[in-house]
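As structure tokens, here come the structures.
Across the two complexes that follow, subunit A remains constant while its partner is subunit B and subsequently subunit C.
Now for the complex of A and B:
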């Protein structure tokens, strides 16, 4: 009974601490989804591969989204012709390199500030390197799912034609049109993929935008909240049900602790805004390096994320991402355990 | 904005010409109501911990405001959604356009109703269940120590915390951690409160006056304690987990083969569990 009480208290404590951050996270991601224009952003990105990867990794500051929100944004970036390095860097780093996640990690690991900074530095390092590596494939096309790749090519000639200006009246563009009420035109032959290209909600009025922000918040809360509930339940169960000797045996090993936490990160799929609280419940029994591995690897790759990634990339590309990210996370975490821990 | 006709035809609910065919006045939007219910119950649960004071069992007080604001925001969200449902069922399906549009931007892992149900049941559970403060059993599980290990919050500055009799258990532990020589504290006055814990390795006649320390939330609560030297050799004279207020002086003792500080009590009172059982 005591076990059960401890477990429940732990579970509720994780939820109550995490929910405010989840709220902030979804509020930001919903707001920015509707008010930041990626098309303009893409046009000012650096062409140099390394710089591009770095800028892409840092772009999370503009899009404080966790890993469920960043895949759709990354997909829009790719389709709109952002360089490979930028897109990959953004994809991997955005869930971690953003103010909300930094704050949440700071709250959780106030006692070990090195974890907070190492999380940012290591994520930046990994995301930039992988973005750089991927940029050696000049055309990202073969890595993309067919429908995403097609939408890129459909988009290209149009971009050249319009000279990058998206404000051109649709009547000046070629195609078949219907005149609808209010002088608006409806293009009948718009490629289906164009819906992926433009962020479709930016053209809405401020009032309906607000409505959409709330709708989006509720939807993300529902989805991420449910995952958070499962994550917290797993963390609480491991805390009370697994004997301390077992946890310590696993958690104090230099390499075993890192592997265990990375496996946990992959399975638990907890949102990056709140994963630091999850990690915190292991702080007394696991090595610093393993906590760090959890915090840098989890937001990049996990079961939920793999599902999302596969909607954009081919299996092979996702495998490369997974392999590179896991190896680099492991190496960095091991270095922390060996030289800093 | 430009939309393909195909995507339009996927949304029959959206045809402005034929509003009446949608649903019918008595069909309730269950899914949206489930959302409202889940949001509202979460808010109610957070309000309950806030007003009932049980939030202190879960969180560091510095972060209570976060949870409290979340309670308010969730309540507002629920109210807004409810208002939206009422308006939508009264009038057009204006919002449906936006919903479907942004649904294209969003890929979900779990089925929608399932997520809502999970959230709702957890919030109902949170409304019924009263959190319990951690006790000795958790202390054993988490490995009670009288010296903070390296994974713990390090003191940011070295200050001899107030007068000796005003130091709490964690104040003492931090102090001893910085300067471990037990003789330095000989004869200093002690007045601490904590729960009773009997470490397995200690002989009869000793108990540990323990507290849990929080840096963020209950998930990282860790136990600390000071040894208390009793007059009797009776096993467990005070029940495990009962709360004591102890006054006395510090002495040096040898426990677990190590010299360390211990309290020689002049008075031991049994007290109620404090409203806020943790230290920070």
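Now for the complex of A and C:
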């Protein structure tokens, strides 16, 4: 009974701390998702692989989305022809490198400010490196799911002709078009997938955009809120149900603590806007490196995210992402445990 | 589509990178040695520690074996306390506030982490408790009637206020950086008390520790430039109102002043001054003595025969309505002290409803849950009471009724006791009369103590409530045959046990001040009262007032158990009166 009480208190305190940040995160991501035009963004991205990966990693500042929202955005980026390095960098870093997450981490780890900064630096490092690795693949096509690849392939030849500009008049393109008001054209034979994955909202009127923003907020809140409640429940249960000695023993091992927290991050799939509060509840028993691993690795790869990633990438690409991200997180966390203490 | 099956460049690069990372990790696991555990942060490092600081935190880089730390942690001089652990953080809660005026060394030469390598990076830290310092009103020489700050630790004396000001009363700010005081111009000779103005003066003592510059989120409350001593600032002038009694809130943000209009004496009542706001009159019935509660947002005001608890928040008075009455304690006519946690208070019941005890005073401990406990009953007067640091002991100054021929024996002549009692009430109200005749004085004092007056008549009450600053007591009003002998006693609130600490010579006015660390009591002694004992004064050429320091504990054990004992006081070589410790 005492355990149940403690567990419930832990659960509620996690929830109460985290919900405001979830609300802010959802509101931001919905707003910016609809008002930032990715097409224009893609046209100004650097072509250099390393710079592209870095810029992609930093793009989270413009799209404050947690890992649940970043896969669709990354997918749109790929479809619209952004360089691989940019897309991958964004995919991995955006959930962490954004103002809302930084603030939430700051609130949670004010007592250990180094965690906040290490989280940002390590994430940038990992995302940029993996983006760079992926840029060795000149054509990411073979690693995309067929529907994504196809919608993209149709675009490629003309891109090559015009040097990447998408402003080519549609009259010079082949296909069947509808002339719509204001001189715009709508290509009728665009593959269905491309129309589906492209941000469908950009063409809407402001009022209906707002409507969609609200709808999106409610939907995301429902989905992510459920994950948050579930995650908080797990965190509370783990701390109450598992004997303290076991947790301490696990949490104090230099390597075992990192592995444990990474496994936990993968399973819990908690949203990056609130995961710092989750990690905070382990702060007293786990090594700093393991907390860092949780905070770096969790937003990049987790069970929920893998499901989403598999809608864009092939299993092989997801495996590379997973393996590279986990190895790098582990190496960095281990270095922190060893040399920073 | 065939390309999907072929080996792509990524298929070559990615495994290569993975292999490289694995090698690095294995190398780190094999060759890397874990950093030795060490203290990451000590919350009191180089901080001036005050009585409110009850615990410090030691943060380690790794979770530690609690026993190994607890056994090796050493504080010199000793500070007893309790350990508590939360992961890699250890809190040490002191049993009693750190004695003031000392430098402490904390050292942890060795300890063990819960896991990982053996060894520990030795840690040493230092912290200082605040200097012992008190402020008094000087007597004699250039100090006369000026505020004097005495740093007992450094044995330094600082004159705070200007020579042309006669200080009447004062109260230190909680940050000990400033002192709020009321004073009149020394040049004013007639109706001096009506011209009192409120000022603050800086003490030159640091109030807050400066945070490191990189911790930009912590605000530094005190700019460096303000730390010079003796800078006065006018808080409230006397242009329209006389400023009578005042009280300063525990957070130092609110001042309540009893004011009466210079033209219209019926325009009388408490005013509230908040930092950065114009003074406003508290819309409530006029009352007598008052005290701001430790929460700094409510006022305990003597109204009628009881004590009203009034909300000081401006929201409730912004509308043209009465200030919010939070509570009313009908039996208690006087609030002596409120526990620092606000959960209980020491109140005096004048026993007006009980014909048998009509001329006695009872000291009650009253909690905010409504529990009451009688601590002391006397036919003399209860002058003051102060809670100790953990609110378990009440130091109580009581005036015992004596006859001059038969000291020590309490009189039971009701009429006499009653009459003298009013005198005592006058004393503890610090209600320093300038009245023309004895009768008038007594009547007024009776009004003050809310004994026999029809309180419905506010005008009359207002006129009767002419309280003044200043410490000149109407000693001459005492019936010659009967006098009071003040004594200080410590009452354990839980057990009700009393321990008499010191008997003081009969005198009109005493200030007793408990040091913030709870180790000693400071009191003043008036050797000669200038007006009434002119002959005695002629024979005696020493100072008329002197200050005494009374230690309360002789051993650490007594201190931790909060069992003060009677010890001989030490005379301080200082001529002064009304000493008050700085927090």
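By our rule, the second predicted complex is superposed on the first by the 305 of 341 C-alpha atoms of A that agree within 3 Å, B and C clash if a C-alpha of one lies under 4 Å from a C-alpha of the other, contacts with A are read in each partner's own complex, and residues count from 1 in each chain.
The rule we apply is simple: a contact is a pair of C-beta atoms (placed from the backbone, for glycine too) under 8 Å apart; a residue touches a chain by one contact, two chains touch by 3 or more.
Quantities reported herein were computed from a predicted structural model and do not represent experimental measurements.
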item: Three-chain arrangement built on subunit A, subunit B and subunit C clash or fit; value: clash
item: First, second, both or neither for A:313, with subunit B first and subunit C second; value: neither
item: Subunit B versus subunit C as contact partner of A:294, first or second or both or neither; value: neither
item: Partner chain(s) touched by A:28 [first = subunit B, second = subunit C, both, neither]; value: neither
item: Touched partner set for A:90, first subunit B, second subunit C, both or neither; value: neither
item: Which superposed partner A:102 touches (first subunit B, second subunit C, both, neither); value: neither
item: Which of subunit B and subunit C A:17 touches, first, second, both or neither; value: first
item: Residue contacts with subunit A in the superposition, subunit B compared against subunit C; value: B
item: Touching partner for A:217 - first (subunit B), second (subunit C), both, neither; value: first
item: Partner chain in contact with A:338 - subunit B first, subunit C second, else both or neither; value: second
item: Stretch of subunit C penetrating subunit B in the combined three-chain arrangement, among 8-16, 80-88, 242-250 or 458-466; value: 80-88
item: Subunit C-contacting residues of subunit A that also contact subunit B; value: 111, 283-284, 288
item: Partner subunit A, residues of subunit B touching it in the complex; value: 1-7, 35, 38-39, 42, 46, 49, 55, 57-59, 63, 66-67, 69-70, 73-74, 77, 80-81, 84, 94-95, 98-99, 101-110, 112, 114-116, 118-119, 122, 126, 129, 131-135, 137-138, 140-143, 149, 151-154, 215-220, 222
item: Residues of subunit A that touch subunit C when the two form their complex; value: 111, 129, 133-134, 136-138, 141-143, 248-249, 251-255, 283-285, 287-288, 314, 316-317, 320, 323-324, 327-328, 330-331, 334-335, 337-341
item: Of subunit A, residues touching subunit B in the complex; value: 2-3, 5-6, 8-10, 12-17, 19-21, 23, 33, 68, 71-72, 107-108, 110-112, 170, 185-188, 190-192, 194-196, 198-201, 203-204, 208, 211-212, 214-223, 225-227, 229-230, 235, 239-240, 244, 269, 277, 280-281, 283-284, 288, 304, 307-308, 311
item: Touching residues (chain side subunit C, partner subunit A) in the complex; value: 3-4, 6, 8-14, 17-18, 21-22, 24-25, 28-29, 32-38, 59, 61-63, 86-89, 113-116
